[in-house]
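Right, one structure below, let's go through it.
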Amino acid sequence: MRHPSLITLLTDFGSQDAYVGIVKGVIAGINPSARIIDICHEIPPQDVFRGAYLLYTSYKYFPKGTIHTAVVDPGVGGKRDIVCVKIRDYFFLVPNNGILSFILQEELPEEIVRITNTTYFLQKSSRTFHGRDIFAPIAAYISCGVKPQQLGTHIQQLNKLDIPEPIRTKMGHIIGQIISIDRFGNLITNITKKHVRDLKTAEKYLKVTIGKRKITGLSTTYVDVETGKPLILFGSTGFLEVSVNQGNAQEYFKAGRGNKIAANPYK
Amino acid sequence: MRHPSLITLLTDFGSQDAYVGIVKGVIAGINPSARIIDICHEIPPQDVFRGAYLLYTSYKYFPKGTIHTAVVDPGVGGKRDIVCVKIRDYFFLVPNNGILSFILQEELPEEIVRITNTTYFLQKSSRTFHGRDIFAPIAAYISCGVKPQQLGTHIQQLNKLDIPEPIRTKMGHIIGQIISIDRFGNLITNITKKHVRDLKTAEKYLKVTIGKRKITGLSTTYVDVETGKPLILFGSTGFLEVSVNQGNAQEYFKAGRGNKIAANPYK
Amino acid sequence: MRHPSLITLLTDFGSQDAYVGIVKGVIAGINPSARIIDICHEIPPQDVFRGAYLLYTSYKYFPKGTIHTAVVDPGVGGKRDIVCVKIRDYFFLVPNNGILSFILQEELPEEIVRITNTTYFLQKSSRTFHGRDIFAPIAAYISCGVKPQQLGTHIQQLNKLDIPEPIRTKMGHIIGQIISIDRFGNLITNITKKHVRDLKTAEKYLKVTIGKRKITGLSTTYVDVETGKPLILFGSTGFLEVSVNQGNAQEYFKAGRGNKIAANPYK
């Protein structure tokens, strides 16, 4: 692995306060040449699931050695651990609260270190802003070449969220659910290409039911259907998505995260 | 032109997802020393007109050689082209959907290349996230010194939006419209200094009518009038603006984009 | 002081326009190697008090030599001055409108320069966008090594806001107020550890009254109480905060900035 120097930030800190800027200031004070890229700061407060999903969809697109720092941390200041996890040539600096769950469905961690070495914390650490006092300086020191094993003690297990899996009914239907809704109102489900392949149906006969409405036939991009019309496709994350061409599927279907989506062959 | 290394991003990706971060990750993976500056990511979904306006008001303020990457792209994955356009020592990497229209009112492109060389695309490109799969890597390669002609084939014409022009009535009045409303509620019109000069009236006698309300006399800055009072001035973009000193003209006048604004000499 | 090269930006420009991007473009054109970090751009329009609070809570976390550029500037284009102020090895480039008030409660400026040297302004400066035309180029030139005294003339005094101080009642109670509400709904008051020490009560007997509700006992972090329950603690800024564990105290208490908070020993 080459010497890491890129740090990403994914938090629920929002943009109305100075919290993100402060975190960057601390990093710049320790490693002035560290490069910082924001993945997202608009995670709804304490929404670890959404943080886990966005981290999963983005981490691979960064260069190897990147230090992904994810602070969605409802347990801040309590007994939860902060861990540094090495997966596929990436470092993850996260609270041990399940925020790596989507990634751990596909990858095994090479190394997990529970961070205890206060030498690398900010002096006079608070118990309410670990982003500033622990995550920022630790990320900066890793970017300077500090090794995970210098940060604390190895542990074997990570906490995981309960990631919903699609189920298969006796009739052979797949019942998945919406796991993410993006800015454009696209409804991203937990149904993958593998699930659909198992249905053994031609793409043009794939039928999706959302509420009382049905969409038949898999599209390959939004403009495959007329403006304002709904469609289904495998989106850029690899999951089945329900969209509306140049519209908003969330509004069109009045849908929310967790809503069920059924997929089955059209008869 | 000096070796370009600054990349700007202007998109409708918003801030609630990881899309912008992913684009930056891809760029950093190809050119770790490329500098990236966000122009705006809060373009309303698919609002090419607003993207065109913001790009026009900002592009000149960047150093020569900057690669302006604008992804407001309702036609993503369809037949629309992606083009690299060289204008006044700047590169523009954009869908060919009119997003350069405001700029093309003032400037002629030196070179237009339709991007077809998939060598520079991300492997396994999707048809729904060209920001990640095409725009990001191409921008990064241009910042590494790849020339536009290496990206595809030259074309002669760019698509253009229908940019509204003020009209002149028989009575000699100018009827313009609001083309942009900013965060402060300033109402930016398509009326320029030239249009007002043609009215041949003293600045203090210039009268603007918006809805049923009138403002007389051109100000030079907001505090020329009392707090809470409306005014007209030529704003930082060069267009006639309707503002309220330390207030919000959009709320004051209940105005929206496209609303008509008349300008004429006061009698 | 080492050669400065980090510039921070704190503005009320928001994210829907291109204003912040333009400011960065101007800086990059003058000093391509200047590093820029955003502190916050979502200050409500013209809310100098909030800008002052956020600048105070963040400035120290940046490396020495940082050029803090704060543009919350209701008087833009009018008679207010723009000043460069040196405090504790930091540069502050601000309108002279009180935005340093919180900092000046703790620190004395070493040097105050009223900026008048138009050599360092953008050519053809507007009177409505000094962020682009004056603040950006001046910050960039300071980052290139230009000294404050080259920018204008020394002055002795800075304008200050009226920062509310807690008062002490005859009964020995402290009456403070909410000075900031963050993204998480935490209610940050102007009551400090010193004020509470003066109450001479054990931490577990400290009682806070907000509206008709009372909270007794000082917590050290959010998870000290059950999920959804309110608490009081000294937050990461050093001020007494009213919070709800994994909830939103602003909604819980229907509180707003300026609301009174009483603190007194529990009997």
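Here the chain labels run A, B and C in written order, and each chain numbers its own residues starting at 1.
Definition applied: contacts are C-beta pairs under 8 Å (C-beta built on N, C-alpha and C of every residue); 3 or more make two chains touch, one makes a residue touch a chain.
Please read these numbers as outputs of a predicted model, since none were measured by experiment.
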| item | value |
| --- | --- |
| Rotation, 0 to 180 degrees and nearest 5, that superposes chain B on copy chain C via CA atoms | 120 |
| Type of chain A:chain B copy interface by residue overlap (half), same or different | different |
| For chain A paired with chain B, centre-to-centre distance based on mean C-alpha positions, whole Å | 32 |
| Residues of chain C whose C-beta touches two or more other chains | 15 |
| Partner chain A, residues of chain B touching it in the complex | 12-22, 24-26, 28-29, 32, 45-46, 74-78, 126-129, 132-133 |
| Of chain B, residues touching chain C in the complex | 5-6, 8, 10, 15, 35, 37-42, 54-55, 57-58, 61-63, 66, 182-184, 220-223, 233, 235-236, 241, 246, 248 |
